[in-house]
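After the structure tokens below, expect a handful of questions from me.
Lettered A, B, C, D, E and F in written order, each chain numbered from 1.
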């Protein structure tokens, strides 16, 4: 899989969604999870999941923060290079993490944090350098609205199902999930698709009309194949 | 706890929410879960939870329906007298169960099914006699939109956190969850609250004005205490 | 205005919205406020407004229920024949009134209660006989989500502005507000409109085609005028 | 196709969605379109589409109601037995039709009216006897919020694409659309599916457990085949 | 109309909405369509419309991309200087166009693309230099959620009705539509309004109070007229 | 209170929400009100409230703009140093203020404007230098959707209740409200909380694990106290 992951580093999330559609998969782009305070970054890695449910006021006590089931314990379990995907149920009025927890994730070698919820302490978390895809910021802490219940479980995030070990790719168009069994297929088809698109851009740049070109008809398929050989 | 559960059978969901608020709990009423095709029923029992995440098209195959993790296996694990609470993420365009699964739940002695999602096969499920609180009906099956991932886990339902073993009460005003540790408190305070409300109704019926009566001032507290003794 | 109010008792809310549109008024039907547990009732009367804002937890104490600004005081200020319109900000997870307060409104001669929010204690409030247009029921009391802040102020309800003294009409199609200055206009135009519609129904019943009939062309206008004279 | 349409009259919308999923079609159930004031009705027929866009105030004049492009002209073009599907963009605050237009549709032999919007004049339209699937009622007329722009065009309705001539089936679980090219497939597979479900209901009624039964394993497939032969 | 279009180049969208309100038009600003990756641009031109409906999985095949009804054909029909307005039904999880189609629109001289949906391939489309007003980006292509059905039809966009040939103006406050028949009125009234506002800004800058100034009373109207003469 | 207000200038909105939660207050962060066109600003001050209800077309006339109840009169009543909080009911399609009114607020010494609605004339208002927290921009004026009804009343804003004189704090994580009675508590607890967080950041920076550190166990509490003494 390492070769496939390397290949995915040069394939856009847009192309990945197109390739997955060939396999009948439409639910792969996580609504709400957009780049936070940066542009141009790309990340690829296996999903490490976090799960929240709504808050219940009798459980959201200071004592609970030292529970064995806590975001703190989850973070200490994150392997280097993983991409954390947090199911915040799309809640946008409580930030799931601030600077201290983000800083610890960086120390542990986490590649990125992706959530359909929001963050808090905007300046602090930007200072940690963690790559984050989220739906914005809010001042209240997660306990204002959410209860953390576990990690490495199947979760929902932005309308997608995410299973531990699925491969996540994120760039400026957002974050997508690739089922483990399809990673090789996406990597090889995706590379070809990127090549075709680069040829199409050249042709349109030259003034070619779209019908017959994109998607290519027989003539244009041949021209494309010729171009590929000459590269 | 049996005595407390019995007491809860005569306490309305409205009163329960008022008593829980005294303990700072506001998140106890499940939005979306309303009585389905009946009126006047009341149920009380421990929660047995089901959890769904969004569908992923590569997993929603006929083969998957025979998985060890399936709604079928979950149903065979349901104890008599439990109240099933299903986290359908509020999805209203795919019915989580139809007549066959509801019929089996009845056979197993399930007290009620409660969900923030919807059902399918309206006539069939009404024919099974299962007590259901839900957000309506839809023709598509759960696999159209949802993937079942487990049972007896902590879940979200209608904006509430539900933990296995929490006590659920449902009537025509909807369904509420009582944390296990507060069941005795709610049962005893609730009984007193219902008694006060019955006296208040009498007083208003006689033409009493509301200020000073509800909530009662010192004079009216005394009148109420006298009434209680004479009953 | 009494004659106009009497005339409005025979004019549907649908017709009223059509007449108001002639004056450029589109915001007159209150979204969410639908008949609660009955069908066929009609009410007409001046608006008595109630206003809620979101709950703030430091103010939602038992002590607050005895405040001079409370729903209890507001109810004692309601004049006979008024129609209470409550701005609940469209909140559907806390019931603004239960049986005791509804019963007192009935005692004071209130014609109807209209809200973009919900009620609680479904069976109790239906027992009081109060005519209610609302968005459903919920078990929690208003203090779970809302703070009452005043009466006879301008309010929002279901996307409409309501000013104290505006005339409210409600039937099975919902509730509408008529600005005071337009009551006479709506009453007279509305009566004529209802007459035209009754003639149109007869014509369609006979098998007439719609184009040229509804709205009537010159020929059909003449036929309608002849029919009016002969009645 | 007549035979297929006849077969569809005994197949539930629930079963149809399951059969369409085998062909990869998930977008076939129209959100919002539910039975209006009746239960137990079933309709089958080809779609006749209506399309609305938002209102523009300069066009919503009385003069416009006599335009060649009007709902009146569309109705006169409706063939007997068609099922009218109206794209109201899910708007729930303006009723697209009242009693007069519904009465005319009945005269023309329309089988049913289906919309993701709402109706107006609840009592009047129920009196016409037209079968309606919609999202409720509102007092204002369509011109309050919507402009009618054409008929027999491709439309959106409740999250589905509807093309003129698609086959529509509606029952108490809502309304579904079957692409013309798949009607025969759905009719034959659906009949078999209904038969299997009736056998499953019997088995569960006898006390059979679900795993291995639904979906059936090899043993149960054989038992089902035996049962089919003996019928 | 050319003179009017030129005049509109110096009138803000804010002023245009104010002038249109004088004619009773409130539905003229397209919700969701905001400047994409730039600030300070202004465009004016006639609308060229595109229409999408929800995806249907049997039609979203590679073969369909070569249909005579495709976005490719629509683009080849776009006249120089037009403003493309795309009805994406407010869908924010599938990008309607990427770099290749945007590049072709630039080649054809399209002035701007406006949609209530989203784009894909953020960096690619910004590289083309096309002026875009939209609701953001998403990785999936339009076929993930939408089906293209036609061009130069009446459409909905962001809560407005758009008819081919309406005049569109867009700036940093968003995009507005001017009915063709009102273009001259808006242009002349708008110019006067901008002048008044520039005088008002000066007066407030000097420390004048608002009541009596904005809107101006008789004294201030005179002062404004004097100022106009002296300019 | 002056000392408390000064202390609040160094306490983040995030910390304030955490301290308020200790008093059971969760509703203190205003959804929708985010920094407009700047970063890094902080404001603290007493709330001056404005209230809007939906537009009613018969009242939205030019004559009304000279009413004694108008935004113009409200602005002339604003005290120096206040923070204006405007209840726009979360409406995002009409801008409540443009450059002229914002400029006048600056002249009157208003510290900031906070709303759950939107602004208009983006460039003009940024030119005034007023600090604004809002939900974006729209071209139409407030009269397109809203009617102004009063100032210094209790209001709703972004899901919070705001009472005149409450203390408002806003920074890049949004805007929060502190009940007057809790200002001293929040100021003193908040300062201690900020100090603890700065120590925690150092510890995590050194590579400390989270469990036992945050929240601190007995050992870490002692280390923190030692650190405090040595500062």
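One rule holds in what follows: a contact is a pair of C-beta atoms (placed from the backbone, for glycine too) under 8 Å apart; a residue touches a chain by one contact, two chains touch by 3 or more.
All of these numbers come straight from a predicted model, not from anything done at the bench.
Engineer: Quickly list, by label, the chains bordering both chain A and chain F.
Structural biologist: E
Engineer: Same or different interface residues for chain C and chain D, judged by whether over half of the residue numbers are used by both?
Structural biologist: different
Engineer: Which one of E-F, D-E or A-B makes the same contacts as A-F, at least in over half of the residue pairs?
Structural biologist: E-F
Engineer: Taking each chain's centre as the mean of its CA atoms, which one is most distant from chain A?
Structural biologist: With centres defined by C-alpha atoms, farthest from chain A sits C.
Engineer: From the centre of chain F, which chain's CA centre is farthest?
Structural biologist: The chain farthest from chain F, judged by C-alpha centres, is D.
Engineer: How many angstrom lie between the CA centroids of chain C and chain E, rounded to a whole number?
Structural biologist: 38
Engineer: State, to the nearest whole Å, the distance from the C-alpha centre of chain B to the C-alpha centre of chain D.
Structural biologist: 32
Engineer: Quick one: chain D and chain F, Cα centre-to-centre, how many Å?
Structural biologist: Roughly 49 Å, centre to centre.
Engineer: Of all the residues in chain B, which ones touch at least 2 other chains?
Structural biologist: Each of 24, 26, 159 in chain B touches at least two other chains.
Engineer: Kindly provide every pair of chains that touch.
Structural biologist: According to the stated criterion, the contacting chain pairs are A-B, A-E, A-F, B-C, B-D, C-D, C-F, D-E, E-F.
Engineer: Under the touch definition given earlier, write down the residues of chain A that touch chain F in their complex.
Structural biologist: 60, 62, 65-66, 70, 72-73, 75-76, 92-93, 95, 98-101, 103-104, 107, 120-123, 136-141, 143-145
Engineer: Flag every residue of chain D that touches chain B in the complex, lowest number first.
Structural biologist: 12-14, 16-18, 21, 26, 28-29, 31, 34, 40, 159, 172-174, 176, 197, 200-201, 204-205, 207, 209-212, 214-215, 217
Engineer: Contact residues on chain C for chain F in the complex?
Structural biologist: Those in contact with chain F are residues 23-27, 53-59, 89, 147, 149-150, 153-156, 159-162, 179, 181-182.
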